[in-house]
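Note that chain A is present in both complexes that follow, paired respectively with chain B and with chain C.
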Partner chain A sequence: MFTFLIKSAFLNAWRHRLRAVLTVTGLVVAILAFGLLKTIVSAWYAGADAASDARLIMRSSVSLVFSLPISYKDRIRQVDGVDAVSWANWFGGVYLDERNFFPQFAVSNGYLDQYPEFLISEAEKKAWLVDRRGGVAGRKLANRYGWKVGDVIPIKGTIFSGNWSFVLRAIYDGREANTDENQFYFHWDYLNESMKKVSPRRADRAGVFIITIDKPENAAAISGVIDAEFRNSLAETLTETEKAFQLGFVAMTEAIVVAIEIVSYVVILIIMAVMANTMAMAARERVSEYATLKALGFLPSYIATLIVLESLLLCAVGAAIGVALTYPLAEVFGSFFESFLPVFNVADTTPWLQLLSAVMIALIAALIPAVRSARVRIVDGLRSIG
Partner chain B sequence: MSSRIPFSYIWRNLVTRKLTTLLTAGGMALVVFVYATVLMLEAGLEQTLVATGSADNVTVIRKGSQTEVQSAVDRTQAAIIESNRHVASGRDGSKLIAKEQVVLISLNKRGTVKPGNVVIRGTSSVGLTLRPQVQLSQGRMFRPGSAEVIAGRAIAERFHGAGVGETLRFGQREWLVVGVFDAGKTGFNSEIWADGELMMQSFRRPVFSAATFKLAESHQFDALVKELEADPRLTVEAKRETQFYADQSRVMAMFISYLGVTLSVIFSLGAVIGAMITMYAAVASRVGEVGTLRAIGFNRRAVMLAFLVESLLLSLLGGVVGLLLASGMQFFTISTMNWQTFSELAFSFSLTPGIVAKALVFSLVMGLLGGFLPAARAARLNIVDALRAG
Partner chain C sequence: MAAVSLQSVSKCYYRGGHPIPVLADITFDVQRGDFLALMGPSGSGKSTLLNLIAGIDRPSAGQILVDGVDIAKLSERELARWRAGHVGFIFQFYNLMPVLTAFENVELPLMLTKLSRRERRQHAETALAMVGLSDRITHYPSELSGGQQQRVAIARALVTDPSLIVADEPTGDLDKVSATEVLSLLDQLNCELGKTIIMVTHDVRAAEVAHAMLHLDKGELFALESNGNTRSLKAENA
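This part shows the complex of A and B:
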């Protein structure tokens, strides 16, 4: 009985080939667009997802624009539970042209040791450490501009004015899929030496301190102790976990993330209208057939099931193709937006959300036609001429 | 005979199939809504940043820095700029130049712990004179030398502690908000203004970020740029204030525009397919009618035109509904971080006549694309076969 039902549903769906193909194409486009938009949203959160619980970020409590005196490092080290401290400055320079954006940081020695997810060969690391002008770039970044170890990279300063040049000494790979391979690091000492000469007021300052702690569960307590240490000083601090720090960035552009989320559901609504239209037309054309089935003794529920199954079948095909295409498309899309969204991976939950929305589309699209057809009076249905 | 098929025939076909018409036009309406909304956002952003500056004002920042926050201009350099002959003088003879310090502070949005970077502009009464679009709407101006601030409307509404009578803490001091200003649709609405000299002391930052002044005569801008560049004591660049603010939103404008185009293309594919399905069904169910029309003398072109007009009507309905929905978005304001300046910027959706025209054309193109193949099929039907099918 059930196989018969499925067979009928399939034949019904396939009766109007052109319409079936068009509907499925529409579904594929919609499911694909939904998956892509969801991936953009998850790319927004990539920094927070990749953050470690065992690292704290300390910055000026006023805002990131204000720097902290470097002398704070010793007082942080004395706090119980702190394993390692390093510091970094956002450089924000321009490589050749403003369009070539990538994050650049001046980092103190020891910074990279706090990031075990950056994999660098020992030889390259040593080469970087001994070269004062040395730089480290992520694999994706190096590939994008065709950099090789030994290349000179000119960067024009914006915050720290002047023309700077660095020698690429090492390239790091990400240990995890969501590790950001789009960053550039160089020696904080190099920056500091220059600042001492040009603008002594800005020397010996760090934008953020990175603090590795022994146990992630102590994060809140240690942050409290550190911030208390610097309260009522000239530069008060705000210490939070790396995740909270990254989420702070996401929150600043939250309006955009929310807009993209809303739009991702709008596309589902659009395709729902298209699908509902297809089902309504199919049901209307077959009123007399459904009446005949009823006259033969099939129950109304059987007819309703038939329509729902047809809708589900179309959506299943559309969703399957859509989900399968999401991965290659995300790859292409990701390479275009590499400098904006360095980590662009389809989240594990995305295909499930896509399937879920396909089922929702199928059920809602079939709802009205199914109820109407199940309720049709046999005489009316037989009289109808479609 | 080449007369046209009556319009009422076309119209009634749409009315008869209410559900189908509604669903198809509804799908298109959503697409047009997204399309128009994105265009409105782009226009709103542009209006905001262009309106922020005045063409007669010039902003000078340190060479190489792109924003006021990144820039630093020391007192000596600021004095040299002030003495330039192109700087206009006010009625009392003093130069119309605002030497300002601009920094960012992190504030939490009202009712949340979500941070946003807000611009604090340390200025003087000249700063207000130079920007007539800034009007106090509540409270009073801050008193020079006291720890008082005035907040832009968008900030006062959205951020914790920025309303009149509330206090903000930064630079080791409590600052009392004594006024709220309304700067129309400009970026100044997303700023907080304080006394410049006091702010420099509080932050222990003895440099200005930028100097903005009024040109004595607007057309002398090029001469001014030349003079400033030729002066070996200065390492600055000058831009007209309008250009300066327009440059600061380039990345954001580009992002919105790319996103909008991508979304519109993808979504319109779905809507075109919807229209195609509807129109193919319309043709299929009316084969007999088409045969009759042809038999009584309407030619192929007339039949094709009738179906195309039906499709265009359908899409126009979608376009109008979509635009109506989108026009409701004008009441909303978006506030987000501008990547280039790293600071909060509020802007609203702005519906311009150009966007209305674009959205309607967009919807008609969707109708044309969706209706063309089905209409062509209807036109190609053989009279005898078509009559027999009916």
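This part shows the complex of A and C:
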């Protein structure tokens, strides 16, 4: 009986081929759009998701714009629970054209040691450490511009004016899928030496300090101790976990993220209405058939199940194609926006959310037609013209 | 015991809260193996009467006994089960499932039985053979003529071996040749298999195949015609 039910549902779904194809196409587009929008949202949070619990970021308590004296490093190191300290400056230069945006940081030598998720060969790392003009780029960034180790990379400074040139000495790969491979690093010392010459007031300062702690559960306590250390100084600090620091950036654009989330659900609502209309039309056309089935002795629950199965079948096909297309399209989509959303990976939960949405669409769309058809009086149904 | 027995059956519909009587105080019996034609002008209530006997509608008052079962007292679920086992339906517009082949349409009522797939196949093939459509089992309704579709519908009606077959204008949508074939098949079912048949028709020629004709007018039994004799029931009831 169940096999017959499935077969009947399939035959009914495929009865109006054009309608079935158009409905499935709509579902594919909606499920795909939902998946991509969800991926954009997760890409937005990728930095925070990839953040380590064992790393703290210390910055000026006034604003990220204000830098901190480099001398703070020694006092930070003296705090109990601190394992390592490095520092970095946002460089914000332009590579050939302003459209070629990617994050550039001037970092101290110990910086890369604090990021074990950046996989870099020992030979390249050594080469970078000994070359004052040396640079390190992420794999995706290097691929985007066709850089190879040894290439000279000219970058025009904006915050730190002048024409800078770096020699690419190393390329790192991300250990995790959500590791950002679109960043460029060079020696803070190289930047600092230049600053000493052209703008001494800006020398010996760091934008942020990166602090590795021994136990992630002590993050709050250690942050408090560090900030207390610099309280009432000329440059008070704000120390927080790397995740909180990253989420601070996300919070600045939260309205956009919320808007994208809303649009993703609106897409589902729209296709739900389309699907409900399709199922209502199909059920209305078949009232006489359902009445005949009931006359033959089939129960109302059979009719309802037939309609729900047909809806589930259409949505399953749409969802399967939509989910399957999400991955290659996310890759294409990600390559267009890798400057702004460097980690554009479909989250593990996204296909499940897509499938769940498809099931919800199917059930809700079939609900009213199924109930109505199941309740139709046989004599009324037999009189109707499909 | 009569195959079908109606006792003071009435039916009225409600429109805007007002009752519209369709059948009033109908009483008659149909004996086992009878072939009865229900006749009357449009709106006389003959199809409603057929629906009540077939258990696809419920009377407003009265008792309908089919093989001794008061079908008006059955729940929806019980009534569905009863229909599946006891009634074969033939409709004016065949009411075949367009997505199913002739074989699958005939097999459809057997899905509600406990027969195995093999047994279902045997039953359906036998029924199709009886209506002369063994060579059309893989055809879809759209690939069959009107007469052939009605023959598939007849095969579907008899495949479960029901005691009662109800036919609502079975020749109403057919040409003369096809109508003759269908009527001949119904006669065969009645004479050879002993099926009790109740048929609604406008067609006097179709009604002539039946053993008796029951005339309705404005929801009341008007006359019973049997073996060439007409008996006015209205006068009797009065």
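The criterion applied here is as follows: the second predicted complex is superposed on the first by the 386 of 386 C-alpha atoms of A that agree within 3 Å, B and C clash if a C-alpha of one lies under 4 Å from a C-alpha of the other, contacts with A are read in each partner's own complex, and residues count from 1 in each chain.
Definition applied: a contact is a pair of C-beta atoms (placed from the backbone, for glycine too) under 8 Å apart; a residue touches a chain by one contact, two chains touch by 3 or more.
Worth saying up front: this structure is predicted, and the values here are computed from it rather than measured.
After superposition on the shared chain, which partner residues are touched by A:S335: those of chain B (first), chain C (second), both, or neither?
Neither: A:S335 stays clear of chain B and chain C.
With the two structures laid over each other on chain A, which partner does A:V263 touch: chain B (first), chain C (second), both, or neither?
Only chain B is touched by A:V263; chain C is not.
With the two structures laid over each other on chain A, which partner does A:N100 touch: chain B (first), chain C (second), both, or neither?
neither
A:T23 contacts which: chain B (first), chain C (second), both, neither?
In the superposition, A:T23 contacts chain B only.
Tell me which of chain B and chain C touches more residues of chain A.
Greater contact footprint in residues on chain A: B.
Please indicate which partner A:F4 is in contact with in the superposed arrangement: first for chain B, second for chain C, both, or neither.
second
Taking the superposition on A as described, I'd like to know which of chain B and chain C A:S121 touches: first, second, both or neither.
neither
On the A-aligned overlay, A:T278 touches which partner chain: chain B = first, chain C = second, or both, or neither?
It touches chain B, and chain C stays clear.
Return the residues of chain A at which the contacts from chain B and from chain C coincide.
No residue sits in both footprints.
Looking at the complex, which residues from chain A come into contact with chain B?
The contact residues of chain A facing chain B are 16, 18-19, 22-23, 25-26, 29-30, 32-33, 61-66, 92, 98, 156-159, 161-162, 201, 232, 234, 236, 238, 248, 251-256, 259-260, 263, 266-267, 269-271, 273-274, 276-278, 280-281, 285, 340, 368, 386.
Could you list, by residue number, the parts of chain A that touch chain C in their complex?
For this pair, the touching residues of chain A are 1, 4, 8, 11-12, 15, 288-289, 292-300, 377-379, 382.
In the complex of these two chains, what residues of chain B are touching chain A?
19-20, 23-24, 26-27, 30-31, 33-34, 62-66, 69-70, 103-106, 114-117, 170-172, 203-204, 206, 235, 255, 259, 263, 266-267, 269-271, 273-274, 276-278, 280-281, 284-285, 334-337, 339, 342, 344
Considering only the defined contacts, which chain C positions touch chain A in the complex?
Counting only chain C, the residues touching chain A are 48, 51, 54, 56-57, 76-77, 80-81, 83-85, 89, 91, 95, 97-100, 108-109, 111-112, 156.
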